[in-house]
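What follows is a group of structures, each given as structure tokens.
The two complexes that follow have subunit A in common; it is paired with subunit B in the first and with subunit C in the second.
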Partner chain A sequence: MGANYDAIVIGGGHNGLTCAAYLAKAGRKILVLERRHVLGGAAVTEEIYPGYHYSTCSYVVSLLRPKIIRDLDLPSHGLEIMPLEQSFQPLHDGRGLVRWSDWEKTRRELARLSPRDAEIYPEFGRTMVQMARFVKPILDMVPPDPGSLDPRGLSDLLRLGKRFQNLGPDLQAVKYRMLTMSAVDFLDGWFESDSLKAVMSVSGIIGTFLGIRSPGTAYVLLHHYMGEIDGAFRSWGLSKGGTGGISLAIASAARSYGAEIRTESPVQKVLLKNGSSEGVVLESGEEIRARVVVSGTDPRLTLLGFVGEENLDDETVSALKNFKMRGSSGKVNLALDRIPDFTCRPGVGPHLFGDIAIAPSIEYLERAYDQAKYGDFSERPYLNIVIPSLTDPTVAPPGKHVMSIFVQYAPYHIKEGPEYWPKKREAFGDAVIDTLSEYCPGIKEAILHRHVLTPWDLEQEYGLTEGNIFHGELSLDQLFFLRPSPKMARFRTPIENLWMCASGSHPGGGIMGAPGMLAARELLRTRTV
Partner chain B sequence: MSYDTIVIGAGHNGLTAAGLLARGGRRVLVVERRGEVGGLASSTEFNPGYRTAGILHDTTGVRASVIKDLDLEKHGLRRRSEPVPVFLPERKGTGLLLHRDPSKAAPEINSFSARDADRYAKYQAFHSRLGRFLLPLLNGPSPPVAGNDRSDFWGMIKAGMNMRRLGRKEMIEFLRLAPMPLRDWMEESFETPLLQSALAAPGLSASLLGPWSPGTATGLMMYEAVRGAGIQGGAPALVRALLAACESRGVEVRLNESVSRIRLRAGVVVGVTLAGGEELDGSMVASSCDPRTTFLDLMTPRDLPLDLERGMQNFKARGNVAKVHLALTGPLAFACRPDLEPENIRIGESLVSLEKAFDCVKYGEMPVEPCLDVAVPSLSDPSLAPDGGHVVSILVYAVPPTGTLEWTDARREELGDLVVSRLASYAPELRDRIVGREVLTPLDLEREYGLNGGHLYHGEQGLDQVLFMRPVPTCAQYSTPLEGLWLCGSGSHPGGGITCGPGMIAAAAILNS
Partner chain C sequence: MPLQTPFHPRTSELCTSLLWKEWAGYHAVCSYDTVNDREYIAFRHAAGLIDVTPLMKYEVTGKDAPSFLARVMVRNIEKLRVGRVTYCCWCDDRGKVLDDGTITRWSEEHFRVTSNSPALQWLQRCARGFEVAIHESTDRIGVLALQGPASRTILAAAAEAEIEGLRFFRATTGMVAGKPVEITRTGYTGDLGFEVWTANENALPVYDAIMKAGKIHGIEPCGLDAMDVTRIEAGFVLHGVDYFSARTCMIESQKSTPFEIGLDWAVQLKRESFVGQAAILAEQDRGVARRLVGLELDWDDLERVFEESGLPPEVPRHAWRDPLPVYRDGRQVGQATSGAWSSILKKNLALATVNKGWSEKGTELMIETTVDFERKKMKAVVVPKPFFDPERKRT
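Our next item is the complex of A and B:
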């Protein structure tokens, strides 16, 4: 029987949809299969309680590639991104700290904490932007294979080396230190204020099972500065109608190019013949054939789940098992009947329109990590909060609000075992609210609904293995040509005609769309489809 | 008096550099602050009749080419014929005597896990293959890659090509492991907690990190790559041979003279000033002190380029290791294996216990169960103790550095008690046999041995402070931005420990210049 489609994409998350849209745009016949009733994967908007539209999982856009927005003409499909311009850190003493997109305004805020830090802050920003300029093109390239003698790969490596050299001696050293140092040690070299270092360092740990003192976390600080040079919007933004709006815009673009998208169509397995993929079998028993199957799910679910250990060689199986996917975070979504005051800065002001970080000190964050290391959720976790209804009133009924709280650490592997998480879900939710109410005392009275997602829920409901929001930790040993393993780093798998196109591949997680775009480009370049 | 080169510090690296420079025809003076040579490798009498075998007691990293080039064997040095096994005691059970040779180790490991015995052979084989790539890197100057004026594209390409010689599979494995936490590597490799922690521990001695910290795998790979069988009689025997070799080549050594300033004229080093005011001339000064002492204490900030001063202030040298010496009237005997008289012992029950010890240190708290690296040097050199007596030499990993905890006399004794009771929980007869004890906290080590920050390796060895980053990119090739000033101590590549490596490579760099 011939193939019905050129390519089947498993999973209607933003990367799967991006890949599908690019392939469809190139004239290929594409089918996207989504397990759930709603598109978006972890970039999804759901109306859990009537009138309240939660960005259930991922809640901010970070680094969505401007090229994708242009190539797929996403604004005409309804994409609208509103920048998150500031970052508020409530503290117990003083007025807390707001870092604005305007450096001069930030400098005045910082001067209250440390005049010295206030002076250095702009210089730090400039250095980071230069660093980010070096790193950014890596996001848009297919990783070379350093072990191969393929001239294409070698020239990629040489180009990378040349670019590194062009940074000049001083920046080379900074770059190298960023790759290897902890966020705290790196920031110690610049700043003296403990609370400033704390709030700046947290971007280094999101989605990893690391602490802010763990080497390698300095590197991720750069992600905050990459948006600045992308030009389209600042590093962080909210999508109108919730994060799902991005996925829906990409889906609409894909459809406009002729892609077919089916929801509530869970894939059971990849159809194999002589070690090569021929299509998929749905849980309903339906068989659909295609020249290529592209998986938008994580590497472990793709291969150990849909292909099966029995069809894989030992090396691949152990690489997949060694690929670290330890989920470390949870999510609490609140429906509020008002915005309560933060003690240090009362009133609804512009400081609440950006993100709000509960990260008061280095020791606070480090102790949160220590609890998680030994299998507990942090009693006093790091919280990253946004109130999207302030910027986008369409997501809540008039006068009401939604609050999105990202919580770290909530380890998937708790000491009672991950399946015990449902029994701890409410205690986890309580810890989050108790933490928040130390800075925002009226929060408890303002809550109308509370929706708690543990790493276990992220796995069960959203198909994220071990609840890892990035389809695998973003640690140095799992990036670039090592993501998810040297043999699978270029979107291919050991199964012929089975490819991957999501966050488990280079350049990793977050709402970037880069893996989806790069996988499609590579599929087309090699004429696989 | 005028010399070709003045070496500051007569530790094993200072003596190595001095000896090799003299061999190259230079007229060399070594100035030592203490009353004896050897620095951290010197033997001191810590209790009447009992002598230590150095602060650092592991001599397995001493470079063979130094022994050869300085004819150290002619000057009395003897190498051990095979590495000493490490004993890993247990409170219940028989403990594990871990030989380096996998065939000797197999029967012992087998009683814990047959799978681990097999994996251990593969693990050692991996290290020896990796060693072929790492050794040239650790026996020569680091490739000039980042941040150096001489950093050249071809240097980078050469380093890359050298790595490719490992073969595709091994190279990728190296790249994957290098940034990993030891915990992940050990858990992938072995299932016996005792084995996991014992193998991981040496990778943690050099920096303020625990096994959960990424990059710690590299520290272990570098440690394993250079391991030989060690020196008969340990560090003091090495120092004796080095001194004899130096003297035979006309090196002058002045003890009890401390350098107060490195003298500059128009930005060029012209010699040193001693604490007593005496000025010595030398066309070159090679400092084997730690880099922070060299640049921040022996020079004034205005003499340094701004980026060097900043680099030194950010150079991390937070001493996280303490030292305890015990004088015993009898052997150190373990309840789980009374017949055994082990020379090396490692105490750290599991990776979790290593990490928990590190947790305490992060907050400036006394560790609850620190990892102990124990040696009984009097077994191979009975002259260290009176008849029948023994000396126990204990490196205590993961203690709070001076900046985080105030090391008072009371805390010093508290640490001593803690270490003794930890060791005694495995060796119950220990307490009755102790006749003397010395406890050296990071603060004591800083004061006695002139180590800025009290760090035994002259600076931490995380990934950001090794190779071309050690101590800072502009000084990574042993020369410094100050003409005539060179570095030759553990703060330079390939780093700390009793290895003679930095002294050896620095001397070659100076002679080449």
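Our next item is the complex of A and C:
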């Protein structure tokens, strides 16, 4: 049938590139097709304002699999990750809270809020690390199919079950709580300080359209601690040159193994014959054939977009439509002339080198969610801010800075309809800056350039359906062998020779690379390619 | 950045070696010289003055303070009389040690508890239903330990207080340099010694007065390294080195019971219930799985392992705390967790935790040692603790 390539990867995001690199390393002939002019997908660095390099979408590295770093020898391809050490929570009273890597210092900070919490904090961390130790292997395995009698899948499940049995009685209880509770309810069991619980609970809701009191959000807290036992210690960090640096390092590795990567080559559809994929058709009309097509885009775009509803069975279509995408966040990138003082802790000090969280209280976060539930963006949203130029001066001109602001909630489905977002873009940007001004009054005067991304922009420009940064919510009902649906959980789709390799598959979103690696491993193991 | 203790202006001026470390969030001197011999000798032959402010302190007050502490501690604190000090440990409800420290009864309803790691939350957790107040005073009170045979003479000269008559593990109050101080006859060196407690603002005059009074008696400012040698000679366990708080352990086997760390003598079981009592009783019935023992490393065997490499025998220049496996008949039966060369006893000492059956006095074990990059085993014998126990400590 004249396949030109062993595999075509749709989309040059970090997962597509990872998958391509592994396949190329195994000797396969690979082509990566990227719609945009730059590689990286949502892990991308762009110079939108001259001299200032924005990590436009995703802005910190979490859990990039150490195995990938080693397998693909990414450091030799330019990967450089700078640890993000501390976490600053500005507050209106007092000096705010900084959680440092120095534990005694953190204890003194926390003791100002609650002497009791100050001592519980490390215990909590230890429990989380213990739990994470049991969950972590899941990240590195292809999810089994619980409905099948495949002995390989069964033995995997059995091993997993055994592992969980080895948790002591205390941790068993913690496990069930984490699986069922909301982030706040779970934290209530440990801490008393409202502002501490607020800032800790937000890691349970990032990228989901849930509130910190929604059940199931406790589990996501765990992912935050996974980095600590991950074999690439201090794996939470900033990538040199922005998060695009990661994608470029992976692309460089892929090329070194012989993969071909084309930008500005948008795919129009998957070429089908008798319900099986034969390759792709580009928007230019060019047809490229391959034994396998691997999609690095989200499940909905892959199947409803490139394959088409008419070529799918009803069950698949409804599974895809019910897969929760519903983006809930936006992004504001700023070019700054200087870093203004935060009122509660003036000056440019080490407290600004980590992340800065505007999440002063539980009520604040609940109010933010309330507005979003009824179709508005939060007037006073949760902000997660980093100033990467403090750690990596290469991303801004000398003495100048870039500030990256993750904003939640900004629901894709606003009440006027998502296509109305462009008309609200600047008002949304204003709300973010107004919120920040309450803690950092000089910010407006320091802004040289502002770049606002709404969920609509994330969809239109970056191909993230409904603007969901994780290719589908990371909620328990959409993880592991349920991601994106039981039938598609093992990187396969109902279309023969069409596979998926990105965040919509197990184990999910974030700059992990795990879906890309696992898909490649499964493709090679089954000799599909 | 660690904090500075109220004595920092003096200690930093004296610490010409620049050898410091972080101790519970404070800067602490390791040794004032690059070697700690002079300080060690001061502790044992004259007097050493060491800043022990970072030790955590909690003031427990209120009507129920005695019954509350009796409930938390393995020892019956209700029986502790005013003006007395005791030492013990406290456990979680599974009878695993959380921390150890001293408890001083300053008045009917005022006790001070010291600990190695933060204990406020644990104490508060246990305080429900008791009429007590618990306040941390670590950063309000500076503490100096004056230890050594000359300590009594020096303190008697420096302080307006009843020092001559102050018996072992008793507490009193008085004045130094016109400033109010509290004095306990306690310490971590296993020698005659005192601890002087004072409000931060009085720290420097008190320090100066003691140093001045000690000058003719050979007082030396001392650091943690010298104290580490003396505490090993005294057979004192160190939290975080010889045992770990159950709060910080990742797995069960890392936790210890009071019996396992050799604090049997501090446990008072036959009384009203206290935290961990049931588990400790059960352990008593079941038998203790392992024991913390003193080891004396065999000198002849030490010479042998060095001789094999053609080297003269060497002894550790500092107290060590990197754990070493301990063997019997080729199988590991425990680990030595700290040790030191005792120049006063001329013995190579270690503290070790060994499995049941190998803790009897006189048991011969083998301990790992590294000579010229090569791992070897040499003989060590279980001996009673304390290794060094001078009469003057108590009299």
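Just so it is clear, the second predicted complex is superposed on the first by the 525 of 529 C-alpha atoms of A that agree within 3 Å, B and C clash if a C-alpha of one lies under 4 Å from a C-alpha of the other, contacts with A are read in each partner's own complex, and residues count from 1 in each chain.
Everything that follows uses one rule, which is that contacts are C-beta pairs under 8 Å (C-beta built on N, C-alpha and C of every residue); 3 or more make two chains touch, one makes a residue touch a chain.
From a predicted model like this one, the values you see are computed outputs, not experimental measurements.
Applying the stated clash criterion after superposition on subunit A shows that subunit B and subunit C can sit side by side. When both complexes are overlaid on chain A, the residue A:R95 reaches neither subunit B nor subunit C.
In the superposition on chain A, A:Q130 makes contact with subunit C only, while subunit B stays out of contact range. Residue by residue along subunit A, subunit B and subunit C are tallied for touches, and B comes out ahead. Applying the stated contact rule after C-alpha superposition, one finds that A:L482 touches subunit B and leaves subunit C untouched.
Touch criterion not met for A:R450: it reaches neither subunit B nor subunit C. Of note, the Cα-centre angle with subunit A at its vertex and subunit B and subunit C at its ends comes out at 80 degrees, rounded to the nearest 10. In the superposed pair of complexes, A:R425 makes contact with neither subunit B nor subunit C. Applying the stated contact rule after C-alpha superposition, one finds that A:E104 touches subunit C and leaves subunit B untouched. Judged by the touch definition given at the top, the superposed model places A:R380 against neither subunit B nor subunit C. The overlay of the two complexes leaves subunit B and subunit C separated by a minimum Cα distance of 6 Å.
Put simply, subunit C touches subunit A in their complex at residues 1-3, 22, 24-25, 118-122, 124, 136, 247-248, 250, 252.
Across the interface of their complex, subunit A is touched by residues 145-149, 151, 153, 156-157, 160, 164, 168-169, 171-172, 175-181, 184, 188, 209, 212-215, 307, 310, 314, 316, 352, 355, 359, 362-363, 462-464, 469, 472-474 of subunit B. Within the complex formed with subunit B, the subunit A residues making contact are 146-148, 157-158, 161-162, 164-165, 169-170, 172-173, 175-177, 179-182, 185, 188-189, 210-211, 213-216, 322, 324, 363, 366, 370, 373-374, 475-477, 482, 486. Listed in rising order, the residues of subunit A touching subunit C in the complex are 102, 104-105, 107-108, 115-116, 118-120, 122-123, 126, 129-130, 168.
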